[in-house]
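Which chain is which? They are A, B, C, D, E and F, in the order written, and residues in each are numbered from 1.
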Amino acid sequence: MFRTRVAGETELGLIEHRHARELFALIEANRAYLRPWMNWVDQRRNQVEVANYIANCMKQFALGQGFYMALWHANKLGGMINLSPIDGISRATPIEYWLAENLQGKGIMTASCRAAMDFAFDTLGLHRLTVRCAVENKRSRAVAERLGFSFEGISRDAEWLHDHFVSHAVYGFLRGDKKPVTSP
Amino acid sequence: MFRTRVAGETELGLIEHRHARELFALIEANRAYLRPWMNWVDQRRNQVEVANYIANCMKQFALGQGFYMALWHANKLGGMINLSPIDGISRATPIEYWLAENLQGKGIMTASCRAAMDFAFDTLGLHRLTVRCAVENKRSRAVAERLGFSFEGISRDAEWLHDHFVSHAVYGFLRGDKKPVTSP
Amino acid sequence: MFRTRVAGETELGLIEHRHARELFALIEANRAYLRPWMNWVDQRRNQVEVANYIANCMKQFALGQGFYMALWHANKLGGMINLSPIDGISRATPIEYWLAENLQGKGIMTASCRAAMDFAFDTLGLHRLTVRCAVENKRSRAVAERLGFSFEGISRDAEWLHDHFVSHAVYGFLRGDKKPVTSP
Amino acid sequence: MFRTRVAGETELGLIEHRHARELFALIEANRAYLRPWMNWVDQRRNQVEVANYIANCMKQFALGQGFYMALWHANKLGGMINLSPIDGISRATPIEYWLAENLQGKGIMTASCRAAMDFAFDTLGLHRLTVRCAVENKRSRAVAERLGFSFEGISRDAEWLHDHFVSHAVYGFLRGDKKPVTSP
Amino acid sequence: MFRTRVAGETELGLIEHRHARELFALIEANRAYLRPWMNWVDQRRNQVEVANYIANCMKQFALGQGFYMALWHANKLGGMINLSPIDGISRATPIEYWLAENLQGKGIMTASCRAAMDFAFDTLGLHRLTVRCAVENKRSRAVAERLGFSFEGISRDAEWLHDHFVSHAVYGFLRGDKKPVTSP
Amino acid sequence: MFRTRVAGETELGLIEHRHARELFALIEANRAYLRPWMNWVDQRRNQVEVANYIANCMKQFALGQGFYMALWHANKLGGMINLSPIDGISRATPIEYWLAENLQGKGIMTASCRAAMDFAFDTLGLHRLTVRCAVENKRSRAVAERLGFSFEGISRDAEWLHDHFVSHAVYGFLRGDKKPVTSP
């Protein structure tokens, strides 16, 4: 209940307390896969840390400052898409996404982000979405480009990733920007 | 997005900040209709009070202590169904519901409560639901009875309703209780 | 100081931080005796948990939402009587009570609850008191009945007690209800 | 209930939310009388300010940092005696007191402070009480001296009283200090 | 006291509660001058709003999440330089600055930002500073360029400025980047 | 930056989070030296406790209730001078100070307190400073007397110092009191 079907077996829904066990298991199973580009992996090392993370997501949601979505595929948790922090004045938000290794290559993340973008523009009434990811994170950049985001520049050394700095590729998408045609 | 279709044009979804204006308009339009049995009507007199009410709903949700659902019909807000306060130890919660006057008599509330009950038992894993309403509130009692709730007793003078006490009829429904067959 | 003599050597007074040690010792001494009907016993396993419990009682008191009384007999802590949560709108509150094993059978709890009831009606200005206890908890039900509470129904499976559900017998007493005559 | 008889018709009890109306009326009736020595009089100008003051007293009490007692005479509120802020490490607290004009000259405050001192030493286990009042506040100093407090010095310009500084006479009383004999 | 001399009569120091009156007067005097590029001008319309702003600055400072500096010239408040929000993991912070109209054109802001940059790198140990300002805000961009910041891209429609969106020019400066030589 | 030069190599500046390590090391190195007169030494036993202490200092500062200054000598942390709690109504504050053993006997504390006093009177606009220290703490009393504080009395048994009570010598200094002439 309270999930939105994105395409085929893929759904999005708010992350909630009751997903803590499944989210921890998913991170645990994908830890090595996610770690090269996700600095938060080392801050969610056990179920307590994951439960605290979810509690914080829900608190930000309750404050109207974020929207944290679990991505479900075939009824199993498979990743997350977060809109946070939402700037209510300038009607803008970063969008962040990650997907389990075994779901890669099927167009799941692209379709899901498209749904999240519609939600951000049509339901939340936002004006601008930003994607930031490491310059060398090709997979993540490919998603942004497939979604029609425009490249807007490089933020040098913007993130400390475990043991070194990485520069961020910055992309923006405005309400009304043209979405690429998708082949079915 | 993030609504669950209950039946026909009826959907349920979490109440959120962005619904404040529509919720206030709905209460305003149904104030005279709701007031005889709803003591909260006089505490949501303007948009600020309604916004504060929603903020509190979302806070309780974020704490895992309540689930506050807006009922949508033909894409317009038409009522609410709340599970609150949720007792995580005894896995029980009261269920409260109200519906706009113009949607009465169409089976909308019964179908929606049935969906909320499924959500409470199957998704939240609860064990017991309680309905409490004024003994003389025939419409509300009829909903509970149609849903298969068992009458469990009368709480005398349990609620101060504007200017007098009313006694509550108390109903319970346990996971596994038999649901009445519905005619389509 | 600040205790009210109930009868003979029995007194009631607000529970405070400084009682933590004595309250823990009392619970410890009565753990096996209380456990069959008190699900909170397993949440007050050490002095820190008991101190946190008292801190929470005092916080609720400070918010005007509860009144947590220690029962003293011959100057020793012997049980508690709590009015909580107090509903200021409907002027109602549950009343909960428990007594050490060695004080049973002397009319201490009945006399003390009678004093607490007078306090609730005359001092706090409440209108309704509710007692809820497990259907099979004969001793607790006997107290309610001796106090003149009316039986109002059964809440099926209302409480998770360690490892199984128990149904609650529900009793109510309204301001002005007749109190049974007590033989001295 | 929960008051302690001090002497004759005089009692002490914790101040609570429900006393707000009576406390405000008492301050209002004694405003001109109290104002020359009490700088708080101008911060409790209406019932909301008095209710907030009581809420703060109860909060400090719940935190174990203060004890705020209403003084009752012939069942009517007549003044206050506060132990605050309580220093739990050094087991010391200031004691403050004020009494309505119409109760002056009857030994009520002296008897009540004596009871509060016993409470502080015997029940709270404190070691030292301090009285501070304006050097020219003869009535207040007389109470301290009658209670057996020792004069310990003058704090120059220690308090801003409406429109000028006043110096404080400082008195101390230690557990075990000799209490003056009282004539009945 | 607690100010650092930047150059000549120019000093920097933490903003504090006691500056509220002077800060409000400065904003008031420069409201028309600042408003075209500063969206916060309409949120600091009176002394209460300015006092709340300072309280929030100090709270963020106390949490280690920001550093809010008043700029003093000839002992009079003349602008602000803020480092906020500070990202302790990636050791990065935006730097924001504004200066009163009558102090423009004297190199005051450039010298002050240079001092703030030294503070950020040498004292706070940060690694990256970001400047974001409206593309058309020539004066602000000139400061960033004079300070040696590198242009990193354009964030389209990144800010709602009173009644329209403006795009941001984004600049970065890393610890170790070359600072332009200054002519005296 | 943001330090004020007191004299020679001695400076004062707000204590901040980033000083936790150095403050802990200083306390550790002077633990035996400080312990006879400082009861807080046993509450700052490790870096976490020291970090919490600093967090609390900054929080009080942010609330306008205290000013906590680190004393630097030759660029190394050497002690602290605190103004806390500041009474904004009566414009008064206690002043507390302590200095590392290796910096004693050089006039450093006297000069630094003099600077802190100027700050309290001229910048914060206070009217009265109080020094309280154990009667037998000759070194601390000598500082107060050298600064021109007037002896105002003895508070008997005012402080629990590890395992016994000590009486406090109380000193006051009012804005406008005569400062002793200092020989260079």
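Rule of thumb we're sticking to: a residue touches a chain if its C-beta (ideal position, glycine included) is under 8 Å from a C-beta of that chain, and two chains touch if they have at least 3 such contacts.
Since we're looking at a predicted model, the values are computed, not measured.
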{"item": "Chains in simultaneous contact with subunit D and subunit E", "value": "F"}
{"item": "Fraction-based call for subunit D against subunit C, same above half, different below", "value": "same"}
{"item": "Rigid-body rotation angle, subunit E and subunit C, from Cα fit (steps of 5°)", "value": "180"}
{"item": "Maximum centroid distance from subunit D, chain identifier (CA atoms)", "value": "A"}
{"item": "Contact-richer chain pair [A-B vs A-E]", "value": "A-E"}
{"item": "Between subunit C and subunit B, distance of the C-alpha-averaged centres to the nearest whole Å", "value": "31"}
{"item": "Subunit B and subunit D, separation of their C-alpha mean positions in angstrom", "value": "50"}
{"item": "Subunit A residues counted as touching two or more neighbouring chains", "value": "none"}
{"item": "Ring of chains, enumerated from subunit C in the sense that reaches subunit D first", "value": "C, D, F, E, A, B"}
{"item": "Contact footprint of subunit B on subunit A as seen in their complex", "value": "1-4, 12-14, 16-18, 55, 58-59, 61-62, 64, 115, 118-119, 123-125"}
{"item": "Subunit F residues within the subunit D interface of the complex", "value": "39, 89-92, 127-128, 130, 150, 152-160, 165, 170, 172, 174"}
